[in-house]
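Next come two complexes built around chain A: one with chain B, the other with chain C.
And now, the complex of A and B:
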């Protein structure tokens, strides 16, 4: 089984390699205008330059700040509202489909309204990021707490568990694996929507930089920033996947 | 029978009804049950599915309140769980999967209100009593079905209550494991002198373990008859294969046969 997985990774790597090779091939042979698509090598040079000079730092700082604040709001509100909703079967029946319904509409359409309300700066990005991240958090929190095995609750009650003991030692650990999945989805969705909204209307941030370079016909620099954002996304999702797997390991 | 020195549990005219009057789904789970359990006695409840045996157990444990009638322990009316007096053991594994075996036992002690310093020692003792010391730091998912139930028993024993309620604790195990667990339980009980109420579907298990067997009728659940098994604890294999056990088992089967037929007819 182990060597099989090795082969899978090899094929995946070869696929990405082939895509990059194709890119280099079409640009090196002048099949696409360099103004539209720069060569892989020039983009790479810009990327290396970007890393060496550290010129990405101010934009990274803005985007990370927006992400951290948006996620903190979504996680706090989502967990609180989700837990309160899970308390009675009635509120689960009313609000769970409601949240799921709102989650299924493209909330990014609220972005122009948020720009009017919160301005072009970080405010509107935080607002859209936390709005979009709220839903997976709240939905999973409801699912996690509402579906705690009744047997655990009965056993704890029979042994004399108090209200706080029931919450901290039974409900929370039982619901945790489901809640953490919601938090992971929320974090990644917040990141995507913040980057996306920065490309629509913004003053600074990674998305802002990407769209600025595109508009100033400097696609090699644009790709350097795209590389940077892709690497950030990969690092972020690998980190939260790892954390989630670690947390769930104890949960047999 | 073990030394009978006084009544511990009194069940007086208890009924449990689910659903309002006139509701077509209204179920009388238990109809006017009365029962007295002596100290140190092992009472088995047996009957067709849905006859209210588990309901009666929940009423005694204070996990449900009866629609009418009264349950009392040591002369006090049961109004809710009484963790100092009554420990519970469930059918499926009610162990918390996110905690190791010993932490499960210790959490039970914490719920019951045992001081922190005392928990380690009591948890150790309980695991020793069921022979699970070597698996103290395993998670429930790493244990076999029989070991999980032993861990659950350890958690219940650690609470050091006088009364132990067991709701089909071995139901999910295969027959051989069940019989061996039954032998172990009989030895353990002879030592601790607890009062035990044990719900089971197995005729052999009921006769092998019980001092008395209460036979339930089909829905609405009533206590049809109570049979005595005059045999001292601990019991071993020779009792398992004895004529006495077969005779009592056959007697139980005669009593239950018609009731089982009724439940089959009902669900057709």
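And now, the complex of A and C:
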């Protein structure tokens, strides 16, 4: 099986290599307007320059700040509301479909309104990010706490567990993996919606920078920032996937 | 077990009505009419839309973009998902690439899509398509993978041809996953199309959302958001029902 994996990686490398080769070939021969697609080498130079000079730092700082605050709000509110809802089966049946229904509405449509309320700066991004991230967190918290195996609860009760003991030793460990999945989804959704809203209307941040370079017809710099944002996203999602797996294993 | 006084459905309805009343009172008593408008005004604006051809056209444009992108995503995503799910070689080599592409935050390439396809509907269709195609591929791959291997072995041992296995076992077993994929794709499609419309457009719901916001007409703004939210909920509910209906024979 080992050689097989080797071949897979080879094919993947060849595929990516072919794409990059095509990019360089097409742009070097002037088959595509350089405004639409800058040459691979110039984009790469800009990217290296970006990393060297650290000019990404202010924008990264803004985006990360928005993400952290938005996620903190969504996680706190989502877990609290979710836990309170999960306390009785009746409230789960009332609220769970309500949250799920709102979650299916594309909240990004509210963004212009958020800009009116919270301004063009970080406020509107934090608001939209936390609104969107709230729903997966609350839905998974409800699912986690409402579906704890009744056997555990009955056993703990029979052995005389107190309220806090019940929460810390039975409910929380049993619900934890599901809640963690909700937090991961929330974080990634918040990141995506913050980047998206920065693209639409903003003063600073990674999405803002990409749009600025697109509109000032500086495509090589735009691509450099796209690379950067994509790498950030991949790093972020790999990190949270890894964390989630670690936490779940520790709990299994 | 003491039973609740009212059924959960009614309780939910009451809560929604309560929130609307709260909103109405709040907006009437202490609301800047440039930013906020009470639900009764929104309802009036919503009725007004029925005779407003410009807004109806916008909704039609957005629906056209949504549906075109969605169909394209199915036409491209379904065969890709099947090939990647069924062929070990394709799965090993190309699935990681698909997952990597899926992980890219597509908002970053939005300016690029506009540069390439212009500010009209094609760019919205393209952006909706890139949002919708990945959920379809990924759910179909998962659906094919989760197929009970005993069925395949049994069919093969009874001498079914590859084609027979595909038509009689793989396809029917993929239906629930396909519907899940379509539901997720529709949600993603909506986000893609609306994001592109909000970024830059001359028509469509996103365009009017911006227009109503910037000209301080909150009643119309809330009304168009409500209309689109209703469409989104209906689409979602349709796919969810179909999904449940289609997977009933299963297990």
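Here is the rule we use: the second predicted complex is superposed on the first by the 234 of 252 C-alpha atoms of A that agree within 3 Å, B and C clash if a C-alpha of one lies under 4 Å from a C-alpha of the other, contacts with A are read in each partner's own complex, and residues count from 1 in each chain.
The working rule: a contact is a pair of C-beta atoms (placed from the backbone, for glycine too) under 8 Å apart; a residue touches a chain by one contact, two chains touch by 3 or more.
Please read all numbers here as calculations on a predicted model, not as lab measurements.
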Chain A residues touched by each partner, larger count belonging to chain B or chain C: C
Which of chain B and chain C A:106 touches, first, second, both or neither: second
Touching partner for A:57 - first (chain B), second (chain C), both, neither: neither
Touched partner set for A:159, first chain B, second chain C, both or neither: first
Touched partner set for A:31, first chain B, second chain C, both or neither: neither
First, second, both or neither for A:226, with chain B first and chain C second: second
Chain A residues contacted in one complex by chain B, in the other by chain C: none
Touching residues on chain C, where the partner in the complex is chain A: 4, 8, 11-12, 15-16, 35, 89, 92-94, 96-97, 100, 103-105, 107-112, 114-116, 187, 190-191, 194-195, 198-199, 205-206, 209-210, 213-214, 218, 221, 225, 228-229, 232-233, 236
Parts of chain A lying in touch with chain C, wherever the complex brings them together: 4-5, 7-8, 11-12, 15-16, 35-36, 90, 93-95, 97-98, 101, 104-106, 108-113, 115-117, 191-192, 195-196, 198-200, 206-207, 210-211, 214-215, 219, 222, 225-226, 229-230, 233-234, 237
Residue numbers on chain A that touch chain B, as the complex places them: 151-152, 154-162, 165, 169-170, 173-174, 176, 250-252
Touching residues on chain B, where the partner in the complex is chain A: 61-63, 81, 83-84, 86-88, 90, 92, 94, 96-99, 107-108, 110-113, 139-142, 155, 159
